[in-house]
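The same chain A turns up in both complexes below, where it pairs with chain B and then with chain C.
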Partner chain A sequence: MASRTASKDIITLRGSAAIVSEYFGYASNSILYNRGVYPEESFKKVKKYGLTMLLTEDEGVKTFISNLTAQLAEWLETGKLQRVVLVIMSKASGEVLERWNFSIETDSEVVEKGVSREKSDKEIMREIQAIMRQIASSITYLPCLEEPCVFDVLAYTDTDVAVPFTWIESDPKLIANPQMVKLHSFDTKIHKVDTLVSYKNDDEWDES
Partner chain B sequence: MKIIFIPLLSDVLRWKLDDFLALLPFQLIGIQEFLFPSLQTREVLDSMTKVGEIQARLKQMEVALDAAELEKREADNEAVLAKEKAESSKSEIKRIELKLASVMEERDRLKNVIEAFRKQKSVESGHEVVSGAVLQELEASLAKKENCIKELESYLSEQKEVNIRQLNEIKFLNEKLNNEARRIKSLEREGDGLRSQIALMESKLGHGDYSSANTKVLRMVNTLGVENEAKQTIEALQKELQKTKEQLLAVQELKEQSADAGAMVDSYISGKIMKLKEQIATLEKREERYKTVFADRISVFRRACCELFGYKIVMDDHQRPDGIAVTRFMLQSIYALSDDEKLEFEYESGNTNIVTNKYTSQPEISQQVDIFIRRMNSIPAFTANLTVESFNKRTLS
Partner chain C sequence: MDAGSLSSVSASKTKSRCPLQEQFLQKRNSRENLDRFIPNRSAMDMDYAHYMLTEGRKGKENPAVNSPSREAYRKQLAETFNMNRTRILAFKNKPPTSVEAIPNDFSSSVHQQAKTAKPRRYIPQTSERTLDAPDLVDDYYLNLLDWGSSNILSIALGSTVYLWDASDGATSELVTIDEENGPVTSVKWAPDGRHIALGLNNSDVQLWDTTANRLLRTMRGGHRSRVGALDWNNHILTTGGMDGQIINNDVRVRSPIVDTYQGHHQEVCGLKWSASGQQLASGGNDNLLHIWDRSMASSNSSTEWLHRLEDHTAAVKALAWCPFQGNLLASGGGGGDRSIKFWNTHTGACLNSIDTGSQVCALLWNKNERELLSSHGFTKNQLTLWKYPSMVKTAELTGHTSRVLFMAQSPDGCTVASAAGDETLRFWNVFGTPEVAKPAPKANPEPFAHLNRIR
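Moving on, here comes the complex of A and B:
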């Protein structure tokens, strides 16, 4: 009986939060690389999710993303994080060009009762791998970012969340009448993450 | 010729003494005569009679013999016939035996066939064939088969009924199916509608909509883009500062050179201030005067209203708990019997409403409020009626 229990793939709230926040880190890096927000040469290759992923070597960005994932993990453990949005904006005008939307559904029973769930790590990794492939291939349909861009990260949280020192309340930085592409989802059985990219509707392309 | 008659043993046993004597030969007659000399003649006669009788009997016997011979012949014939019959019976038996053999063969053959049938039958319907004589078996089998046929026929008719029932059922189900198909279509349409609604909701969600009631949006302070800009800005500001410092030095130098000009500017400004203060004092006096005039005119207006309509009117402004400003009017009839007889009204953006107080909640007044204000929607009628009533009370008392 004991050996059977040991062979099961148990996932806890903390473990799930770690997987999801790590996913945000890698996904952010991948988006910044593929969308050319930071120069190609500032990224290094690493193996992750059975793929070759790219991670920034820019100290500023690296610190930013590590602080981000730490905070997200904390919120994920409380079940108060509803959505994370990576916004890509024009550096010159501040206009929002792309919104990478990660919606999160948390199993409230796990948060309230502290129970665990069963899902194999391998399966979760396979699901994340599929999303990473989609992010990499998104450059085929997303409009070219022809001007220098910057990014911001928004977090949609429950209203009773205390605002951390490095965060401020913000407007949702929406795109008027955007195009949307839904990507695959992944589910740790505790957190379900839906990824969706919305981008500025390019009328010129529509007409041609 | 002398016929020697040899009697049959059965006849001999029946004979009497006379019969034996009659058989004695003629040579023995002398002996009789010797022995019995007195009775000779009569006895001869008797003997002659007896001979005659014996001869007659002989004749009868001969006839009987002939008849027996005939019978024997007939019996022989019959025996031959019987033999022949036996022969034919034998052949018949043989034929029958052959027939039996062939029948047995046939039986065995049929048995095999029956076995085969039985096997086949047992597979098909599980019926069992009763063992026994072939014919019986066959008959039984036939009877069974007939029964079976009957059963099958009844089964067939039952099946026909069932088929008809099923046909009806199928028709009914077809109708149901059509209904279901229609329903499915309508559900599909509904589904499409819901899908489009979902798409709309998803698009809203994807767009980033949220309810501020249970969600707040936070942004991580991002200095990545700003840092470079800030450096540039600081550099620009430092340059600007340097420039300003230089300009300030230049101005100070210039000021030192033209100190007299500065004094002139100061006296000009103080003169200007004096003038403005005088203007203010004049305007304040004018305001006071206007206030006095307005107060007088208002007093006249109030008095006139009191004379004309019979009520002293006091007006003041209030702010309700919800923050809305209202003007309150307090009316007291000049014919009032006591100071408590006051009517209160609230005036707010063109609407005047009576405020219930101790006086207006008295049954008599409350009734009038109900009739004139609530039903007839006329405050003037109410106040006029109250004026007349108060006047009557005052004058009558």
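Moving on, here comes the complex of A and C:
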């Protein structure tokens, strides 16, 4: 865990980065489970955010997500991460079907001056919990993913960020004319994370 | 120097040559249709556009109004809303694709192979191959065609049993039965694909070794009349006769009869063991369908049936156990019934019944997809492919000119052979191509296996 000190409700940049990257790890696991990108059997239940969350047990996916969150935490600490996007694509055609957009606003004063902020852990957890519930319930309105899918993660960073050698520049993998649903936000007082899902507009339904 | 002058010359040349340029432009025009601007919302940056239209303009128009704070604000805005403000990054190593048990998408996990997820399978409407089958006995109650696990097809034509090797197309004659004992009324490969059982018109049952071309044993005395139905359950050969008896023969022992099942009072024409070997389905000319339980069988005394199903209104010959659901049986009725019925053999409940409009001679499940193939008689003499469980007709294959009496499935589950009263044997590529079916669901347990192929 990060250096969130025992003293009351002080939140530092590192602590905030840890919360946000951890949130991202759980959120992606939840999305992968709920959207059926990986088979249900490959997930195990854990308690988190006062909820039962599902985490993948597939070694490959696990390492991918842990490498990812580690890198995200690093960027978050420098305030250079603007957005993270989890893209779900058709395995066969590579067509982008869903984009889970996590926009991050960083309090630049904290990054530059190293001050800390105050917000209780409990409150942050409650905010995250609300988003997690929304992610789980999103299957009710998102179109069915009827074909096998794959996912990818894009990180939008400042241009002055050196590209780590395990990363490459990517196209934004946009969906043409998407439907969008905004989910709740949470705010650590240092990082504010807005979650939004956009998905392929199902023309057939619209026309009828 | 030289290069510079050269380029300037070429530049002036192109300038002077107006027609060429125009042509070029025209070409562009006709191709791109530049008179309409069709915006793409998702690719636009509304905030930036708004800024450029309002704030940016203001600043340029009357710079005098700009206070230092405003200038700073503008600068900050310009910085944050600058088009190239971000860099989009992704991991070089992609996450592993899900190891789902959908067999035919493994090859398409590499994106470059732009292949649609599950292209609709093309089902050829004509037979792939047609072979002559002279003297095929046109008798609904017999079972004269079987395709063994060693990819050899056996067919009884009159009193002779022929073997046709599906891998090289070679034909050989196994045996011709003496006239007084023949004709052959049933053939069935043992699970090993080497031994074959023949049921004869004189009630004998013969067991042959096809590699040595040798008669191993003849079982007599079990039935009182012709043996029209056979099926294997490991070393147990189950025989069904015109006398209505069903006998389990242990082919390894001297007195082979281990059980008898009595329930039919007319000819037994359909016999199929379930894949688990626990249940036997038998259909007879008495319109009855029986389910027998292997564990309830006891030697010598005749055994009670587990279920007696009396829903069919004609002879029950076509029987097929579902390969993906152990207790699901499909049965088809003869000319007066024309229905395919589905049964839960644990409870004996009839799950579905559909009228096919023609006698059902044979039924086969697709091993790779949830589909059922039925073969029919008058009027169309067709093979019908059904989606299960919706029972929507996917294909109707015509070609036979008389009722399609027998069907057999190749060991890979893709090809179906059908023999009909028109004395032809036809091969249909109805259950897909072998390439699609080949990769077993468990062939890719290693989640990173595909990575080697990407890089």
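Going forward, the second predicted complex is superposed on the first by the 199 of 208 C-alpha atoms of A that agree within 3 Å, B and C clash if a C-alpha of one lies under 4 Å from a C-alpha of the other, contacts with A are read in each partner's own complex, and residues count from 1 in each chain.
Just so we're on the same page, a residue touches a chain if its C-beta (ideal position, glycine included) is under 8 Å from a C-beta of that chain, and two chains touch if they have at least 3 such contacts.
Everything numeric here is computed off the predicted structure, so don't read it as measured data.
Participant: Chain A superposed: clash or fit between chain B and chain C?
Facilitator: After superposition on chain A, chain B vs chain C: clash.
Participant: Touching A:101, do we find chain B (first), chain C (second), both, or neither?
Facilitator: The answer is first: A:101 touches chain B but not chain C.
Participant: Looking at the overlay, what does A:136 touch: chain B (first), chain C (second), both, or neither?
Facilitator: neither
Participant: Touch check for A:151: first (chain B), second (chain C), both, or neither?
Facilitator: After superposition on chain A, A:151 lies in contact with both partners, chain B and chain C.
Participant: Looking at A:60 after the superposition, I want to know if it touches chain B, chain C, both of them or none. Which is it: first, second, both, neither?
Facilitator: Touch partners of A:60: chain B and chain C.
Participant: For A:68, using the defined touch cut-off, is the partner it touches chain B, chain C, both, or neither? Pick first, second, both or neither.
Facilitator: The answer is both, since A:68 touches chain B and chain C.
Participant: May I ask you to decide whether A:182 touches chain B, chain C, both, or neither, giving the answer as first, second, both or neither?
Facilitator: So A:182 only meets chain B here.
Participant: Touching A:159 in the superposition: chain B (first), chain C (second), both, neither?
Facilitator: Once the two structures are laid over each other on A, A:159 reaches both partners.
Participant: Examine A:172 and indicate which partner it touches, taking first as chain B and second as chain C; both and neither are also allowed.
Facilitator: both
Participant: Examine A:196 and indicate which partner it touches, taking first as chain B and second as chain C; both and neither are also allowed.
Facilitator: It touches chain B, and chain C stays clear.
Participant: Counting contacts the way the document defines them, which residues of chain A are shared by the two interfaces, the one with chain B and the one with chain C?
Facilitator: On chain A, the residues that contact chain B in one structure and chain C in the other are 60-61, 64, 67-68, 82-83, 91, 150-159, 161, 163, 166-172, 174-175, 178.
Participant: Give the list of chain C residues in touch with chain A in this complex.
Facilitator: Per the touch definition, chain C meets chain A at residues 40-43, 84-102, 105, 108-109, 111, 114-118, 447-448.
Participant: Applying the document's contact rule, which stretches of chain A touch chain C when the two form their complex?
Facilitator: Against chain C, the touching part of chain A is residues 37-39, 42, 58-61, 64-65, 67-68, 82-83, 90-94, 146-159, 161, 163, 166-172, 174-178.
Participant: Mind pulling up the chain B residues that touch chain A in the complex?
Facilitator: Interface residues on chain B, with respect to chain A: 202-203, 205-210, 212-225, 227.
Participant: Can you list the chain A residues touching chain B in their complex?
Facilitator: 60-61, 64, 67-68, 71, 82-83, 85, 91, 99, 101, 103, 150-159, 161, 163, 166-175, 178, 180, 182, 196, 198
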